[in-house]
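Please find the structures below.
What follows is chain A paired twice: with chain B in the first complex and chain C in the second.
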Partner chain A sequence: MQASPLASEILFHLGPVPISRPVVTTWAIMLVLGGGSWLLTRRLAVHPDRRQAVLEVVVTAISGQIRDVIGREPRSLLSLLGTLFLFLVMANLSGVLPGVKAPTAQIETPAALAVIVFVSVHWYGVRAQGLGGYLASFARPKLIMLPLNLLSEVTRTFSLMVRLFGNVMSGEFVIGLVLALAGLFVPIPLMALEILLGLVQAYIFTILATVFIGAAIGSVEKG
Partner chain B sequence: MHLDWWTFALQTVNFGILVWLLHRFLYKPVLQAIDARRAEIEARFAAATTAEAQAREALASVEAQREGIEAERAAALKEAMAQAEAAAEARRVEAQRQADALLDGARKTLAQEREEALDAARAASLDLGLDIARRLLAEVPVELRAEAWLERVEQHLAAMEPDERDRMKQGMGDGAPLRAVTAAPLPEAAAGAWRERLHRALGDGAAIEFADDPALIAGVELHFPTSILRLSWRSTLAGLKAEIENHGQPR
Partner chain C sequence: MDVHSISIIAAAIAVSFGAIGPALGEGRAVAAAMDAIARQPEAAGTISRTLFVGLAMIETMAIYCLVIALLLLFANPYAG
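Let's turn to the complex of A and B:
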């Protein structure tokens, strides 16, 4: 019996813990992002060189996007949302590399990210409005909206997960099928499209997470 | 669809670790660098603002000093002008005083010279008149001149108060003669007429002598024992000369 292509491939075990391919790929991404950040930020100065200027452009661009969405100082959200965006970019684009499968093409990684966003939304909401105020926000504008609001919290998290997973997974499937059917260089345009798609999905996931958190802390209108 | 919960859990943990890693090694250092640069810019801006304020204060101070210098200069100019005007006024007053003194001196000198010239002219005219009179008298016969002067003596004696005439005749009764002095010697006939008419005017007992003195020029002088009646031109000219010497007008 052939294994499901949607199932995560177990590479090895650490004791009782199975280590799947997405986990290993994520470790590699963590190593690249963490190690790269450590290397690039070792000698920052008040007067930046080209390397530092690029880093500052990346950080201030992400920070500016968050500020534009939530309309307030973004530093408290920068670590979570900035990491989310950078990780998604790296994860989505890693599928383009030969022999590497994007972690976001497996349901566990988008699910983990969606759950993290779900938890973060409520944590920031409670921290900003207090527990009572935050829970009361689910009954607005009318009490009758409470079930729908609660349901939407689950469904939007689910849609967040499925959107990312579906797009990345389907892109990789299409490339694999075309590669199998047409030959070596035919999928290249599709790979370029996959790169664009990965960037767009990273942006959409991050922006939606920002909007959800902004709505939870009261700076963005719920809807 | 199968969900590998181990993978799900590991990916959740992995993402949490990645958030910490990037916060520690990316966001925090970069934001600190940006904050440091912003602080430096703000410090420089504050320093520039302070320097600008100091420059404005210095400029205001310089402006105030310049205004003070202007006021001091204006005051000095005003004082100098006042001193110059005072000095000019003093010099003008002194010049006016000196000019007045010079003018006064000149006027005095001119008046003195005019008086002296007038005196000299008067003296010259007197001498000229005297000379003319002498020449004219020389052409008149001595008898006529004696007759005229005799009438003049008679009129004078007749016009005198009796007391005054008596005081004049005092001493004549003791034999002291009356001496009649004329400018030219009287002829015998004229002398007789003089003696007769003087006896009639002064009394018969008077002794009369005649003498001549050309210095009289014309006229006669009656020398009484205690007084002299001068009716000669010499006495008249002496009076005129005295008036001329006193810068007076001739009577």
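Let's turn to the complex of A and C:
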């Protein structure tokens, strides 16, 4: 019998606060991402060397995707959505390393990310349309749609969380089961599939966050 | 039959029947996208991006069933 995927393992206590394994993994990823970005962007030049060229490819690709979705300059959204994407890629792929469990396979991390998306959707919406205009956009196309629009705000955040959690967790669960049933090298194709799924889920989470923010700032049709 | 064995059967039913609908839906979506790309290869980028987002939406239904099954197995509120 496997351990429950809904409970998280407590590693140590920081004063009265219990620190669980996904939190420690997240700290490590934050350290790698933050330190890596600091190291890589220390000496930026107009004529880029190889390291800066790779960075520019990554940043240009992400901002191009955002521009394709929302149809305007992605400058103000790039920091949030780019960080979200890079963090999710790192988090989903960290489960491949031996001894590391992906933090997105526990429900707390997807929940926190979904709350970040939920709050920033309203933040960007109010900033782009003003408070009155943003609130009025909930009553479109007719006032009778108001309860459904409000409900969809909650359910889509919930499904964002459950989708990421369910995909990553079920992948790890299946690999664990196959390893227990069949032995050492059998789950390797499943792990390759898990790498692909992790990348696709990171992409989908980011694109959906982009679509939600685009709907809130009024450049995408509300879906 | 106690609550435990009923929960195990219910979890299996939830996942197996919950997978049927999304599987049919995803098959139709991918077939339609293939058709569209074959007719208009220059629109392949937009079509596949929309397809991925749509597939994620469809797949959520299967994931909901999976979460229900896991709740039944690991966090059942009725099993003492």
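Keep in mind that, in the parts below, the second predicted complex is superposed on the first by the 219 of 223 C-alpha atoms of A that agree within 3 Å, B and C clash if a C-alpha of one lies under 4 Å from a C-alpha of the other, contacts with A are read in each partner's own complex, and residues count from 1 in each chain.
In this section, contacts are C-beta pairs under 8 Å (C-beta built on N, C-alpha and C of every residue); 3 or more make two chains touch, one makes a residue touch a chain.
Note that the structure is a prediction, hence the values are computed from the model and not measured.
Ranked by how many residues of chain A each touches, chain B and chain C are led by B. Within the superposed three-chain model, A:Met30 lies in touch with chain B and out of touch with chain C [touch as defined at top]. Residue contacts after overlaying the shared chain place A:Asn167 against chain C, while chain B stays out of touching range. Of the two partner chains, chain B is the only one that A:Trp38 touches; chain C does not reach it.
Looking at the shared chain after the overlay, A:Leu6 reaches both chain B and chain C. By the document's definition of touching, of the two partners only chain B reaches A:Glu108; chain C does not. Judged by the document's definition of touching, chain A residues 4, 6-7 lie at the interface with chain B and also at the interface with chain C. The touching residues of chain A, when paired with chain B in their complex, are 4, 6-8, 17-20, 22-23, 26-27, 29-30, 33-34, 37-38, 40-41, 44-48, 52, 55-56, 59-60, 75, 78-80, 82-84, 86-87, 103, 106-109, 111-113, 115-116. Note for the complex: chain B touches chain A at residues 1-4, 6-12, 14-19, 21-23, 25-27, 29-34, 36-37, 40. Of all the residues in chain A, the ones that touch chain C in their complex are 4-7, 65, 68-69, 159, 162-163, 165-167, 170, 200, 203-204, 207-208, 211. By the touch criterion stated above, chain C contacts chain A in their complex at residues 45-46, 49, 52-53, 56, 59-60, 63-64, 66-67, 70-71, 74-75.
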